[in-house]
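First up is the structure itself, then whatever we jot down about it.
By written order: A, B, C and D. Residues from 1 in each chain.
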C-alpha cells in the first residue's frame, strides 16, 4: 500500500481537522499518524498526517488536485503531499573536518537515513578519499572571497544537475551565499558547535572554555541570511568540568555535533519539521 | 468557555478520527489539542482531545449522552469525558521519609498541581507535623501484619469519606492490599527508587551500589498486585561514579524520586495517561 | 576523630603535592580524599584535601600555624582550613517566588545541607508565612531605588549580627549592591533561570521561547558586579518543544532552578568550590 | 618530555600518597594529574598518576625497578607503569551489525583513539568490505558449537601474532570462551544494548518494549564468565515513549551503543579504568 505524508499550515480556524480527516476517508486513506499543533500567539495551525492509501489504483496527482480544490483553497493552506517512497536527494557540503562526514556516511551505509546522497561538495580536496571509500561522487569547488560568484555558480549548477532536494553542511566552514539560501529556503541544515544563542560565530568552544560553563552544546538549524540565527531544529548538551581543556571540549563536542546533526537530517528527511516565524515545529 | 478532555481507547478501525472530530463540530466544540496513538501490535487506538465548548449553554451530561449513543457504541469505545474545572482529589500515603512529601506539598502550595489534597494517610505519626505546616488533615492508620484487615477497612472508609479520586504513595513503605488496588485500578501511583525493571523490591540503592552501575534511576508506576511490575508512567536517571557511597546514591536518588513522582502526578492529574496491556500511553 | 578540609591554590610549582602530603603525615593526619587540579593556561595549582586527625589532642589553631609557617609561605599559597563540624551559616534572600524557598527548606529539614539557616531576608512580606512554617526568623527589608543605601545598611547589620558565612539568592529579584558583594566575595550564590551565557538579564524564558530553542537551562553562579557574569558553579538543562508555551517553560524551568541551586548550595557548604579567574574549580 | 602513567591498588594504609609523591620527586618527575580513591567498604586504595619526567635520560625500566623495590613491595601494591607513547593494540571482534564498527573506525581515522588497530576478527564475511575501506586486515574465523575449540585456537593464535593488548566486541554476537577470557582478563570490552542489570541476555530491546519502559540504555563492561555480569565501565540512557516501535528502540539504541562503547574504549586505552571486586574505578 502506498503511504503518503501531508503537511499543512494555515491560519487557525474551526473545522480544519474535521475537514482534513473527512478528506482522508473520501480518498480511501487510513490515518496512521496525525500530529497537530496550534501556535496560540500567532494563531497558526500546523498538521502532519501519515496515511495508507488502501485503494491500489490511487493516483497521487489526482489526490493532490482534489486536496487543493476541496480543502486547501477554502482554508488558505500552505501544504505539501509526499509519498514515503520518494527518497529526498541530499547533498553534503564539507570542508576539512571529517567526524560528521564519517558519521553521516556510516549511518547512511547502515540504512538509517531514508535519502539518496548523490554527491559531496567541498572547498578543499582533503576529504575526497573519504567520499571514495563510500563511492560517492566528490566535487571540489574552491571558495574564496575572490571567486565567490563563480563558486556559487558552480555549486548551483551541480545541485541542479543532481536535482538535490536539501543540503547538509557537515562542518562546512564557509558562509552560504544569499542566492543559494533563497534557492534552498529552509532546506539547508547547518550544525553549529555551541548551544545557540550562546556563543554564535567562530571558535565557540574557546569562548565556552573562557566563560567557565559547566555544560556545552551543539545546535542544528536551517540556514538563513543571519549567521547562526536560523530556525533551530535540534540541540543537545553534555557536561564539562574544570578538568576539561579546550581540546576536551572539542572532543566531547564532536559527539554532540554528530548526534544533533544526524537527528536533524533524519527529521528533515522524514518530513517531520515545519518552519514558521523563524522557529520549527518538530513532529517527532 | 468550558474546556473538556475526552479520552478514548478501542480497537483500531477506519474512520474513528473523522467520526470524533465531526462530533466535536456538532456540539460546537473547538479542538485545542488532539493526540492519538495506535498500538500496531495490539491493534488498539488511543485518543485524547482537549476542546473548548463555544456555546455557553452546553450541557456536559447531554454531551456525554450524545457521545455514548452516536459514537462510542458503534466503535465499542472505552471513554471518559472530564471538564478541566473538576480538580481531582488526591490522597497522599506516607511513612517516615519526608523528602517526597515536602516536594509535593511545596509544589502544591506553589500551584503546580491542579488537584485537591483532602488528606494525608500514614502508618506512623512521624510526619504529622509536616501535614500540619501545610494545614492538611493527617490520619495515622497503623498497618501491621496483624491488623491488615482492620487497617485496610479504615483506609477505604476514609478514602470514601473524602471522595478520593487517586492515591499517591510518596515513599509509603507498605504493600497495598488487593482490595484497595481493585477499588483504585490504575489510580494508585507509586515511586520506586530504581530504574525498573532493574532492582525491584527492597534496598535498590544498595543493590545498585553492589553491582557497580554508572547510572541510577527512579520509576513512577501504577500499582498492581505484582510488586513493582505495574505500568510505568515516568522514569529518569542520573550519573553516579565510584566516588559515590551508598549514602550518595540515596541522596542523588532523592532528587530523582521527587521529580519523577511530581511529573507522574502532574500527568495523571491532567488526564494525560492511559493504561493498556500493563503499559502506559502518555500524551505529554 | 576530627575531620578537616584544606583548600589551597597557588602558582603551579614542583613539589607542592609532596610537601602537603608530607605535612599531613607529620600532623598525624590520614588523607581521606585528595583532589587536585592544574590550570595549565594560567599555571595555577588547586588542591582540596579531606583528612582525619588520628590524634585526639590535635589542636586546629596549632595545625594552621604550622601549615602557614612550614608550607604556605614557601609556596605563596592562598589557603583555608575548616573542620567538618563547623556548619557554615547561610542566609536566604527571597522576594515573591516560593518554589526555590520551599525546596531549600524541605531539603534543610530533611538534613541534606550541612548548614545553619539563621534567617531569611526579603524585600516583601509575601513569604513570611513560609519562613514561619519552618520556624526561621524572617526579616522584611524593603529595597527600592530610594532607600537603597538604608536598605543595604540594614542588610549588612543583620548579616553581621547573625555571623552569616554565605548568602543564597533564592530568586531574590533585586540587584545586590557593590558593598555587599565586596563583603561577601565569592560567597553570594545566585540562581539565574537560563543556560548562561544565553539569555542573561530579565525574562529569559520569554527570550528562549521567542528564539525557539529546544533546550532550556538554569545556572547557579557567584554574584559579581557584572550582572549574570559571575563564576558559574553549576548548570543543568531540560528539553522543550514547540508544544510548550512560555508558561510550560517557566514550570519546567522551576525544576531546573530548584535542583541547580540546591547542588550549588551543597557544593559551597561542603567547601568543594574554588574561584579563580572568574571560573570555578568544583571538586565533586 | 616523556610522560608516564602509574596505576596502583592495594590495601588502604597510612602514608601511601606521601610515599608515592615523594618517589615522583626522586625520579625527577612532575605530577600532572593525581587521582585517588578509597573503597571504604573493602578498604582498598586506588591511584592513577600522570607525570612528566623532566630528565631526558630517564630510563623507564630503571624507574620501574626502583618503584618495585622502594614502594610497591612495602605496601603490597598491584601496579602498572605505562608510557603515553605506547599505543595499546586493539582487536575488533564483529559479527554482522556495522554501526559500531563504522563509528569506531570513523573515530579512529579522525584520531580520537590513541590505539593501533592491527586487525578485525569476525565469524562472518559480511563486514569484510568495511574493513577494506579502512585498510585494516580482516580475519573471518567461523564460530559454531561444532568448531568452538578450533575457532578459539585460531582466535588466540592471531591475537598473539599481532600482540593484541585488548579486545573490543563491537556487537560480536558470540559467547567468548573461558580460555580467551582468562588470557584477556579485564581486557575484553563488550557493549550490551540495555541498561544493565535490566534486560540481560538476548533481545533486550524487545523486552524493554514489552515492559513499557520510558528510558532505554546501553552498557559497556568487561567480559567475565558470567554473561552480562562483568564490571561496568560506562552506561548511558535515552528517553523513549509509547509512540516508539521496537524498530525505533533499536535505532535510538544504536546511538547509545556507539557512544557508550566509544567512551569505554577511550577510557581503557588511556588507562583510566581499574577493576576491583567486579566493579570499576574510572578516573575520568
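Keep this in mind: a contact is a pair of C-beta atoms (placed from the backbone, for glycine too) under 8 Å apart; a residue touches a chain by one contact, two chains touch by 3 or more.
None of these values were measured; they are calculated from a predicted model.
Common neighbours of chain B and chain C, listed by label, are A, D. Distances between chain centres, each the mean of the C-alpha atoms, put B farthest from chain D.
The geometric centre of chain A is 36 Å away from that of chain D, both derived from CA atoms.
Averaged Cα coordinates give chain B a centre that lies 42 Å from the centre of chain D. Of all residues in chain A, none touches 2 or more other chains.
Residues of chain D touching chain A in their complex: 98-99, 102-103, 105-107, 109-110, 112, 130, 133-134, 251, 254-255, 259, 262. Only residues 37, 39-40, 195-199, 211-215, 217, 231-237, 241-243, 245, 278-282 of chain C touch chain A when the two sit together in their complex. Chain B makes touch with chain A in their complex at residues 14-15, 17-18, 21-22, 24-25, 30-34, 36, 38.
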